[in-house]
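These are the structures in question, set out in turn.
Both complexes below contain chain A, partnered by chain B and then by chain C.
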Partner chain A sequence: MKKQVTISVSRRGFVAGALAGSLAAPSVLRAQSAAIKVGLIHPVTGFVAYNGQQGRLGGTMAIEDINKAGGIKSMGGAKLEALLGDSQSKVEVGVAEVEKMNEQGVAAYIGCFQSPVTIAATQAAAKYNTPFLVDVAASDVIVNRGLKNTFRLMPGFGVCVDDGIANLGNINKAAGSPAKTAVIVHESGEFGTGTAKLLASKLPSIGIEAKEVIAHDNPTRNFDNIALRIRSIAPDIVMMSNYQNEYMLLARTLFQQKVNVAGFYSILGGGFNYKFVKEMPDVSQYMMDVNHWFNPKSEKAQALKKRVEAGGALFTFEVYLGYSTAMLLADSLERAGSADKAKLTDAIASSTFKAELMPYGPTKFVNGQNQGAKPAVMQSIKGDIEVIAPEEFASAKAVFPKPKF
Partner chain B sequence: MSRQAVLCAVGLGIAVIYPLLAPNYLINIGMMVFFVAFIGQSWNIAGGFAGQTSFGHVVFFGTGAYTSTILQVTYSWNPWLAWPAAMLAGGIVGWIIAFLSFRAGLRGSYFALITLAFAEVFRILANSVPFTRGGLGMLIKADQRPINFQFKDPIWIYYIALVLCVISLLIAWRLTRNRFGARLVAIRENEDAARALGIDVFAEKVKVLTLSGAMCAAGGTFYAQKYLYIDPSIAFGVDKSVEMLLVSMVGGAGTIFGPLIGSVALTVINEVTRGLASVVPALKNVQPLSLVVYGIMLVLIVARLPDGLMGLFRRKPRHA
Partner chain C sequence: MLDPQIIFAGVLNGLLAGGIYVLVAVGLTLIYGVLHIINFAHGSLLMLAMYAVFWLWRLVGVDPYVALPVVTAGAFIFGFVLYRLVIGRFSHGRDENVLLITLGLSIVFDNAALLFFGGETQTIDVPYAGSFVQLGAAFLPLPKLISFGASLLICVILGLYMAKSDTGKAIRAVAKERQGARLVGIDVDNIFAISYGIGIACLGAAACLLMPTFYVTPTSGNAFVLVAFTIVVLGGMGSFIGAAVGGFIIGITEALGGLFLGEQLGQIGISLIFILILLLKPTGLFGSRA
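The block that comes next holds the complex of A and B.
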């Protein structure tokens, strides 16, 4: 039989206990540091919703991992709290999210996938001197405006075009220079137009002439005419810069129309990912893409890839860039030892963070752009994606010119 | 003083005091309400009062946004001076579209579709011609000084939106009082009957679209100055046309306060549903649900209130 214990508390004892408790409470509160709020703004609805959802997934997974590892240690183990925002693929909604999260006391923002939304959102955050870390958005205008609060870990389209052109030159040369002409197909927004303009101006430097530059709208649901136009021009290379759906649709149409060229070489091809390669292995076979890519030799990247895929998602660039950007923020918070906006901005600006998932060196920010950021060149080979350049991260050799359809 | 005038004065008083008490986020929402109400009113004047339903009103919005931005960025105009120039450009575009469409005898859905076509043509042009920088878009340099039509404190941009909205309400109010407005209503109700009464239908329709175009263009400049970046999809995208049309239809087309009421309702619904995922933890990562809720509420409003929300305030006839 259990012995019943009766604890009697006198009125005086209760008052003394309550007083002691109230005196001790602040120290308990101090030990449990307040959460640091991080605003994640992505287009989780609208025409690039899939990309936005992937970016959010990367950011939230990183925050989960940071918190599991004990939070920000220099701040007493403070946890990160993700505030989730949907830009709905609209500039004004993106800015409204910035304002809303500012009221909620965010320490920093991460986002926004689309360049126009990012341009406006970073500007809105600059009013409050709140750091804004761009996880994905290719336009170089974002970091060329002198905003002190804006940082981008990934390369912009300028660097991607330069690297892409240099690598295409090498691939072509190694194959005996079979490619002399190209057609560029791009989406008509800021990212596609900017990339296409740079490409057209730089292709002659590697002995390739841009025969035509073709723009298309977002969304475009039929590429038959563009495919027929390309076939009539008969270029050696087709170069694409567009978002996911248009990229996949264009590639499929070119395959269906049997547009045979020496190679398909996209710069920031939004649809070049595992989904495309797995779902359309015949279409994607030997297509090349210059894009953000994880370091295939990184164990952490491979482990994260497994986790993401185990959750039923694909390990696309939005995921690992979102993840790496949140990790960069955590590293900066750790060094700043504070969520104070000025201290945090300084910590990011002086960061030498090594994004282990990415094929980058330590970060070095100049005007907010990470100078060590580099794209990789990938090729779809037998239903998988292989890195073919830069050489130190390569997992396969380029197949160029590609066999006919 | 009539009951309506008292209500208006109280409403205006609240709108003036509101930003002094509200946090920046709510000021931004208030600004959006008045801005959307303003461009919605520009649609309402042509589509609601005159019955000239347009699906491509964004053509005027984009014309205004691009005119002031080009003048400012390329020709170093002060944005305050570029603003009336943008309105003039919007008015001219309105006049041209009206002249061509109405001269060709286009009415109803044909007119609605031709405006959509004009908007698309302008979007493609903005994507193609060099002086708009094509798809690269145009960025206005951030220099937050009132002289540049940029403000550090969001309260000022809120007040400008409020002033625009009040002006648009006054224009709508005048239309319910003057002969021009009466002629527009006559045209809306029966064009042939209006012509038989001696109304120059063609001239009145051209006039109203010119006025509407100038107003909408003013909204375009306001938008460009607020967000400091425009591209062809933003300036001439069909979603803005839908927004203008929607606030008027939901609030009550052809009424003075319809666009304002519609803008308040849609903005509140949008903000509340968008915030669902952050408030309810179970809804995290299912944010598209907010659009579903938004859509359902829109369907309910349109189905249950064919005269828009303003229909709620109308006195019902007593049954005998």
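The block that comes next holds the complex of A and C.
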């Protein structure tokens, strides 16, 4: 027969025990909770899922590397812990992720790829004064609202358009100014519409007239009509500003419909990457894109590229911008010596971090925008991507006007 | 004012786009006509078929058009088994359950595709992608011409099969009077599964015809589903001829709307047709009253 053991606890004893336990718990928790929580919010599902997954890859690789190198030394080697959030490519879900992570005690956020989601998410984080580092999102509205918690390492579409226009002017001039007119095709969201407006207003400064601005939805099933319209206008240049799927589909349709122009020139073309130029060399041949690009002369960038490709992924701008942004956060934590939100915000705002992967100057934030950030101009040439501007990073000369299809 | 040559080219482009819409809508209307349910998994199943085409090309080098019989047959089997093992079994004969099950399946398929294939945009670059036929101002890409012809042919074959074969007659009988069909000895559950299989087989064929000019991601099938619903309502729910005629009307409306009103506003034509048909002829162009 089993002996039954009864442990009797009086009500008073239970209360005393619980009290003692609750008093002891924080010190135990403190000892275990050295990790600094970082919220990574990206659209890993939905219509821009690929871009979101790439951004998450860059952020998590950086956090891994930071932890392997001993964590944040000024905080006793505190490790970074990534909280992974999925905005599902929707504004309201992105905001919900900010709220959820705030309850989990994040020290800072990184995200969110899409401009509308980023605008709303940074605003939500501002309520709690939590620093928000934008890894990828092009709209300048993000940093123009005076939010003290929002910082962007990469250039916005304003800088990309300015640089893109200046470089297009140089390329056109060098070729004897064959381009006099352009048609702009853009996605109808904040990113595409904002970019197209800026382009249309600034093209005349280099002697090119925007004959028409054409907006399209996401997703668009068929670009045949747009191709026809472009052919009927007969511009010298087609300028594009859209996300990956539509960029690729539009490029392919223009090729199939034999829309022959002097050049295709995209600003932040979502689909202009190694996969596109390697898998569709005929379609992509001589297309130009103003976009984020890593510093090809940086050994760290080349090493990271190898690691990413060895893992079966592409070394796209989301990866190296996500990585660089997480490194900026780690550098700021190191200097702040604390995950206190105010101290961390000050440390980011005064950062002179050198983003080694990028062709940027030292970081200098003015109203949350890094002034040292610059895009590059690339061209697809014979199944590879060559940098054609700025000159100090150029690996090839621009082919312009391009030969006919 | 647009050049008449451009308008002519626009109409031709609309007809070519309509060819694919027809095939997607025929599958949807067949499933509705027989099972009296809207298949919410239609877009997801189209996406899965597109991935099948992509992987056959990527791993074995099979051209999408060569893959057509295999993918169509595979899609039929998948649809048949899916109905037998999941939809039919768990719906317990209630239409609202079928709706929920197909909706649930679409969520499972979309997320499974994201898990296994990633969110990357996948395309097939066939050697004839740049070939075209010039007709006045219209440059008609060869892959779109092929898909248009093949789509029409498949619709005709399917129409003949439904009209002449015993199974086709049984499907029509079940669509018309379920209880009566059961009384004369038709295995209604089997006909449901066959009809669902044929509907999904149409998607398999559409996927083969789409991939040389389109792309696949875990959400790409949804781009065709809303337009397919509109076509089914326009043509008459359950009507084959309605789906065919509706597909071309929507294709041309979309093309001309895009040309005259711009790509975004041009889509308004599709919505207008949808509203007008609901107001003026709720049974659709070729539909009959239930």
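Here is the rule we go by: the second predicted complex is superposed on the first by the 372 of 405 C-alpha atoms of A that agree within 3 Å, B and C clash if a C-alpha of one lies under 4 Å from a C-alpha of the other, contacts with A are read in each partner's own complex, and residues count from 1 in each chain.
As a convention for this text, contacts are C-beta pairs under 8 Å (C-beta built on N, C-alpha and C of every residue); 3 or more make two chains touch, one makes a residue touch a chain.
What you see is a predicted model; the values in this text were computed from it and never measured.
Q: Please tell me, clash or fit, for chain B and chain C sharing chain A in the overlay.
A: Because the two structures are overlaid on the shared chain, the partners are seen to clash.
Q: Scan A:248 for contacts with chain B and chain C and give back first, second, both or neither.
A: second
Q: Could you say whether A:53 touches chain B, chain C, both of them, or neither, answering first, second, both or neither?
A: both
Q: Which of the two partners, first being chain B and second being chain C, lies in contact with A:299: first, second, both, or neither?
A: A:299: touches no partner chain.
Q: If you stack the two complexes on chain A, which partner ends up touching A:145: first (chain B), second (chain C), both, or neither?
A: Once the two structures are laid over each other on A, A:145 reaches chain B alone.
Q: Go through the superposed model and pick first if A:84 touches only chain B, second if only chain C, both, or neither.
A: Once the two structures are laid over each other on A, A:84 reaches chain B alone.
Q: Between chain B and chain C, whom does A:392 touch in the aligned arrangement: first, second, both, or neither?
A: neither
Q: Taking the superposition on A as described, I'd like to know which of chain B and chain C A:188 touches: first, second, both or neither.
A: both
Q: Check whether A:103 is in contact with chain B, with chain C, with both or with neither, and answer first, second, both or neither.
A: After superposition on chain A, A:103 lies in contact with chain B alone.
Q: Enumerate the residues of chain A that count as touching chain B in its complex and touching chain C in the other.
A: Looking at chain A, the two contact sets intersect at 44-45, 49, 53, 188, 215.
Q: Report the residues of chain A in contact with chain B in the complex, numbered from low to high.
A: 44-45, 49, 53, 56-57, 60, 83-86, 88, 90-93, 95-96, 99-100, 102-103, 116, 119-120, 123, 126-127, 141, 145, 147, 187-190, 192-194, 197, 215, 218
Q: How about chain B: which of its residues touch chain A in the complex?
A: Its residues touching chain A are 23-25, 28-29, 32, 127, 134-137, 139, 141-142, 144, 152, 154, 223, 227-229, 231-234, 239, 271, 274-275, 277-278, 284-285, 287-288, 290-291.
Q: Write out the stretch or stretches of chain C touching chain A in their complex.
A: The contact residues of chain C facing chain A are 2-3, 6, 9-10, 13, 16-17, 111, 114, 118-121, 123, 125, 129-130, 132, 137, 139, 141, 143-144, 213-215, 217-220, 222-224, 227, 254-255, 258-259, 262-264, 266-267.
Q: Within the complex, which stretch of chain A touches chain C?
A: Touching chain C: residues 44-53, 188, 214-217, 219-222, 224-226, 228-229, 231-232, 244-245, 248-249, 252, 255-258, 271, 275, 279-280, 282-283, 405 of chain A.
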